[in-house]
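Consider the two complexes below, in which chain A is the common component and chain B and chain C are the respective partners.
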Partner chain A sequence: MPKVFLAGLWSENPVFRLLLGMCPTLAVTTGARPALTMGVSVIFVLLCSNIMVSLMRNLLRPHLRILMFALTISTFVTIVDLFLKAYQPEMSGVLGPYVPLIIVNCIIIGRAEACASRNSVFTSIVDALGMGFGFTVALVVLASVREILSHGTVFGLEILPLFKSGGWFHGWAMMAMPAGAFITLGLLLGLVNVISRHQEK
Partner chain B sequence: MDTLTTLILGFISIVLINNLVLTKFLGICPFLGVSGRIDMALGMGLAVTFVMTLSGALTWLIDHMLLMPLGLEVLRYICFILVIASAVQLVEMYVRKFFPALYESFGIFLPLITTNCAILGLCLFINLWGIDNLSTAVVLSVGGGIGFSLAICIMAGIRENLRLAEVPVALRGAPITLITAGILALAFMGFAGMIKV
Partner chain C sequence: MLNKIQYFFRQSWLLIVATFFYALLVVVVNSGLSSQIEANRINKLNNLMKGLITQAEVFEKVIEELEVTDSHGRAVETAVFKALDSEGKLQGFAFIASGTGFADKIELVVALDGRCEHFLGYAVLSSNETPGFGDRIKNDYYRSQFSGAPVGILKLVKTGGAGSVDEEIVAISGATVSSRSVVEIINDFTKEVKRAITREGLSI
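And then the complex of A and B:
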């Protein structure tokens, strides 16, 4: 069981290894807080949908499978969306349509297909937690890099004092923009490749 | 501003300024996956444009004619994904029956379009921007599809040439594609000041 959990964190990390769920990864990582909110939402949806799919795995018909997955997932995504609107209205505004877009996040459909529709409920839960944490960690790492370089902060805490408030660091505006997201993720993927090649040696 | 000008401005803005792939990060998976060859990219772009137009118009109609009058906004996401999945299914059946050759060349792409976030994303953006007439919704859907095709074809063209370049081993494959996309996004930022509304 620990093996299934750890696979999601490193050797099968959904973002860095499997390249799944790229849209939210790039879009919500302007700051560490929206990234964490997105990560937790995905963990919740992934956990619930994995449990549901695993429970009904014997009832699934091949040609209607994807549709059933999509309907199950969109139910839980609606719950998350309403919850965020009610209790975190500000964060809900920042994330905007990327919360409902969790429905088409390939990680969740991918796990439903590859794991939950073939395994017991318990295995599916562990798999969902591992994949979910792996996704969240990847998101927060990427978001922290971008937030430090663009605003000198992480989770709103000052790391590099900005020039305009008396420090020395000039914020790097490009990092908060789409281009910064693509380039940072590209370089991080490169870094992961280098590390894993060192591990193999 | 008269209606036609608004429509034309909306079209230009969704293709270039608010390009779904490069500024909204929608449809990144096929953007990275099938941008290896330019003919495949074009096929994918066409299929997505078609489904996007169909589902953009249908979801707008369902949203405004059914869900809003009945106060059923809670069901919005479920309805949207159902519409998209059925539109894809419909297109698949239609193309298989009447254009078998085209079906062969689309092949794997068609079912994949259901989980293309660009389509659901565009339907959600139409809802978020509060578009209140059908013509604008249709123009935005067509424009969104063309913008997607444009981005994926440019990317395919660059990647065909990138094969001849000497890329550091660690950056080969996805990383260099993402960095290229970043530079492309920078270039598209140049369009940002084009329309002042």
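And then the complex of A and C:
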């Protein structure tokens, strides 16, 4: 069981190994706080949808399973959206349409198909937590790099003093833009590959 | 025929049961959170109105349920607020204007001066326009064109001086539909709101 959990964090990390969920990965990682909020939202949806799909796995008709997955996922995404609007309205505004877009995040429907529909509830829960935390860690790492290099901050806390505030650091505006997202993701993917090859040796 | 109906239910009973269960779940969560969501919306509205009419301390609702017919023939209701400073002097008016954008409904908070002759500006209350394109209706670059613009019929143009204060609003490059939606929404609502304010004798 620890293997299932750890797989989501490293060997089968949805962002760095499986390259799933690229749309929110690139879009919401302009800051560490929105990235963390998105990650927690995905963990909730993944957990609830995996549990529900696992509970009804023996009753699913093969030709209707995708429809059932989509119905289940969209319900929990709606619930997450309502919670964010109620208790984190600022983050809900920042994340905007990317919260409803969790419905079409391949990680969630992929895990429903690959794991929850074939395994027990406990295994599905562990898998959801592993994949969800793996996604969240990847997003927060990516967002932290982009936020530090573009604004000199992480989670709003100053790390590098900006030139316009009397410091020495000139923020790289490109890091806050899509080009910066692609470049940072590419470099992190390369780093993960290097570490993996080193571990295999 | 009966066999077909039986086959249909044997295949899809889980889908039907799940639909009802999930719908009930969403209804329960929504009913529990709707009051908090509405309170957040009112808070956001007050903050946006204060941002547009900076000298205002108090906002009083002076016209409730004003019906406005937009350019597509749809009837929408809005409310009009008057903005008063700490001495009770009228600083302007604010109202919510809404309409169809490129992706979804756009809701704006629009502010007029006390004489209803010039716009003080607008802020976006809610929208789901394309990030990086139509979403730029929230940016100061586009919004600043409305500050000081004459109340009348604003015109959307493709090119021009975005810095000049007149009835011509330069569209956002790559977001003509969203830009046009904002201008149309403001034109449709301002016409009716100004008429209602004048009828009630509320302006300076």
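Observations on the structure shown:
Basically, the second predicted complex is superposed on the first by the 201 of 201 C-alpha atoms of A that agree within 3 Å, B and C clash if a C-alpha of one lies under 4 Å from a C-alpha of the other, contacts with A are read in each partner's own complex, and residues count from 1 in each chain.
The rule is simple: contacts are C-beta pairs under 8 Å (C-beta built on N, C-alpha and C of every residue); 3 or more make two chains touch, one makes a residue touch a chain.
From a predicted model like this one, the values you see are computed outputs, not experimental measurements.
Annotation for the three-chain superposition on chain A: chain B and chain C clash.
When the shared chain is aligned, chain B and chain C each come close enough to touch A:71.
Once the two complexes are laid over each other on the shared chain, residue contacts for A:82 go to chain B and to chain C alike.
In the overlay built on the shared chain, the residue A:59 is in contact with chain C alone; chain B does not reach it. Comparing chain C and chain B on the residues of chain A they touch gives the larger count to B. By the document's definition of touching, both partners, chain B and chain C, reach A:96. In the superposition on chain A, A:27 makes contact with both chain B and chain C. When the two structures are aligned on the shared chain, A:185 is found in touch with chain B, with no touch to chain C.
In the overlay built on chain A, none of the stretches 55-63, 73-81, 109-117 or 127-135 of chain B clash with chain C except 127-135. Common to the chain B-facing and chain C-facing surfaces of chain A are residues 27, 67, 71, 75, 78, 82, 96-97, 178. Of all residues in chain B, only 22-29, 32, 74-75, 77-78, 81-82, 85, 111, 114-117, 120-121, 124-125, 128, 168-171, 174-179, 181-183, 185-186, 189 touch chain A in the complex they form.
Contact residues of chain A toward chain B in the complex are 19-20, 22-23, 26-27, 66-67, 70-71, 74-75, 77-78, 81-82, 96-97, 100-101, 103-106, 109, 174, 177-183, 185-187, 189-191, 193-194, 197. By the touch criterion stated above, chain A contacts chain C in their complex at residues 27, 56, 59-61, 64, 67-68, 71-72, 75, 78-79, 82-83, 85-87, 89, 96-97, 178.
The part of chain C that touches chain A in the complex is made up of residues 11-12, 14-15, 18-19, 22, 25-26, 29-30, 33, 36-37, 40, 44, 103, 128, 131-132, 135.
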